[in-house]
């Protein structure tokens, strides 16, 4: 008995990393049950997912391609959460970021790549950032709940981009709702030839590290974390809450915008209406699994990138939609959000006695 | 095209919002944020179409929609009460789950992840002789389905239950101060579960209306934020049944307006489709600033 | 016969044994006073009796019957009722609704509002209260709300009524009225247990007194006739208050903080009413008062957290402007009233908490980049200087005890050597050792020439530390005198009534 106490099993179990892993496992288990009930062999399905996402060089590259935008949206949500804000507008911020990058990237200004590419990236960040800032302004000035506003802004952005891609910005002669391709001077250099894997991946990893440093080494980062943990104490300490709200929403939106940029400047090298749908909300799950730690976002976006890639591969051979991955992710959010995930089961046992 | 058509569309678009809002009132008044509403509506819509597809019976379709909604109402309650998941996060995760889950299920059932095939749905409208003869309103009313009258009944029923029964009184007390209710021996958790079941049933019904009354099929993510819009409407209506119903009319009107604008002028569809969402943002920013939900929202009795 | 018999009751919490093997008996039909300092375990003991808290050991008999209450509902069925210190009322519901809920009928049937109002109004009139049963509770005064709580108990035909600190929120007149009602209820055969830490009241109202200290029952069921205020005080505190150990200021300097015409209006009421004072270097200016007399608003105004109707605050002759940040920069230190909400961020580390508010000073950050080396060195120093018990500066503050948490706040504020410090409830919820330590630190800081404003609900603390003692009553400073001019009784009288007439001896 004494020995058990010294080991503190509760502390070990409640440590965030263990909790994340267990949440993921439970979610996969439930996914397996759903597959089983639907008449599929869960093991062979999961086998196909692993195979399709990790077990060959091209599969692995596909996973890294999928991981890239996910890392940005995951980082965007993790960052906003640090200040206690719930930015659910990554979807819209990403649409706008992607469209803005496609437009600026398509402008023939005769600029060399070294100027055109950064300009294009910045324009996407600015579009996403300003859209996030709009929600931040409504929050700071009018107290409007940021998560409902950002959710509604998603629909507005989606319709706006859809209109633009179908109308004024549509590529001449194209049957699809898409812009014209961006100039080579604005395309993200590829890491592996012809595989859509661009330096955006490196950029994303650097950004995760950068945000981590910002939060932990900068005075403003410190203020953001302080406000997120205890707004009243922060206010007492003279921290400007509105400034933190606006900064956070702008940065979070800009990072989400980068997700759109990374997709518009690779692959087809254009904005295709609806192509980025879903990546924004996946960010919530990625940040949850990472316990809102920017460095852990790298790992968790890899996990969900693999899941997404594997599910896409699975859907080629089975009647299982790639949305299966989204299902698992939603379950992960739920389980990670249970404060008593592990202890709760214990209490029930004790009561049963 | 004219005022009659606009009125008719407004009422039609408002019906599901009104029904879901009544469910939302039960939830909110018991201190549960109605964040999971979207998932209950979507699953209700799916269940209704599925059942109608299998049985061809529209009535059974509605019943299944209600049941599916209740399942998600209960799930939301268990997650937030038993497992103490934050109500906002829990609601959002459930909504994401439902969108993904129904898409996967659509593929399993119909082999198409975008739309279900057309199924039997509620047809025809109810005519009440005297009403039909009133100018302007008459022709509008004679075009309404039975669910219009059900929605009106639900407003009255919700008002009665909430403000004139012991159940409603206890529910309101729980929403305001769960600890106070608990010290008086009221079983707070039980009442909250019950409220969420009612909420789920009504939300499921609203979803079924959207899928097998207004349309005759299910399509991916067909609720499209209406669940969240209802949450804002509830605040605009100060969490009163009549107030929320009036707020629902505002949103129904903005929806009708965008439909009519599309038909009358060649305004690009996407631009006017934003209208309800922009109205929602304006409402939440300027109209509901000082509306506060029940004081005990999200709280459980203290030990 | 005994209405209540509690035997060998034990309640342990992770850090403390709140109730330690306590026996407690109450005779039927008496008013029994449960006396003790804050945190002595009185409320926990009563929550156990009422089924709100499960004991870790012991047995409870109510009217001779062994009981095992799992929740308040069980207790209500056995004829118990408890009026909590924080009222359990719903402001937006009417008096009648608040009273009858839970007993109003079958859940799914019609709620007969008329009948409820009628019944409640009858009950109100039988006890001579003047309350309209149809009024919303939120529109009632605090005293009236308490009566609604009592009506709730009477409506449930309570035979045993527990009142938790019922006089804490009442004016003296209201206290007298409450006592009349309590005697009336006693004459109708209701047993009343009143929890309090006020000696005078215990002597005035009760038939028997039981005294608790540090979770233990010191003496149970003493006939009140045999008690004096002094004998009870000794039992309650457990030692002679050693006021002699304190030291008064020796070198009072120039005026450091000068406050003029502070008025704060809240909901149309002047909660702080034209307060002015000046505090010198090397002086502790103490403000005593019953809580809720404007102390919180006074603190918030002095630290820039709220914008008062009118105020002029000069520190070292310089007028202060702006919000909390401006005041902080202007040399105002702040030890907040509630360290958990205002003082600390419990989910951040000790080091991070030690720089909160000062993180933008040149010492801790340059060009927006935190000087982590300096911060950790500073935190280590603070931990050593203030004897904070923590393995290292990277522990979360939430893992510290209350006393050590308070030391983190104090070390943060005092290390900056502010000229003027607002210190509120510096020793609330800390153990005796930490309390003595914190007092010592305050006195040292004063001797080093700081001007200190001390606001505390703990009268002993104010008397012990203050060089100048003021009493706040309904937002006004009603008396400001040099230390040791007034007796404790006189100060108490000022706190309760705002005037210093002769105290009636009872």
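So that you can tell them apart, the chains are marked A, B and C in the order they are listed, and the count of residues begins at 1 in each.
Convention: contacts are C-beta pairs under 8 Å (C-beta built on N, C-alpha and C of every residue); 3 or more make two chains touch, one makes a residue touch a chain.
Source: prediction; values computed, not measured.
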| item | value |
| --- | --- |
| Most contacted chain pair (by C-beta pair count) | A-B |
| Farthest-lying chain, centroid of Cα atoms versus that of chain A | C |
| Chain centre separation (chain B, chain C; CA means) in Å | 46 |
| Centre distance in Å when chain A and chain B are each reduced to the mean of their C-alpha atoms | 29 |
| Whole-Å gap between the CA centroids of chain A and chain C | 47 |
| Residues of chain B that touch chain C when the two form their complex | 164-170, 172-173, 176-177, 179-187, 295, 303 |
| Complex contact set, residues of chain A against chain C | 217-220, 222-223, 225-226, 229-230, 232-240 |
| Complex contact set, residues of chain C against chain A | 303-305, 323-329, 334, 336, 341-348, 352, 356-357, 359-360, 364-365, 368-370, 372 |
| Chain C residues touching chain B - in the complex, by the definition given at the top | 52-53, 71-73, 76-77, 82, 84, 88-93, 97-98, 101-111, 113, 152 |
| In the complex, chain B residues that touch chain A | 79, 82-86, 88-90, 92-94, 96-97, 99-101, 103-104, 106-108, 111, 113, 224-225, 228-229, 231-232, 268, 270-271, 273-274, 277-278, 280-281, 284-286, 289 |
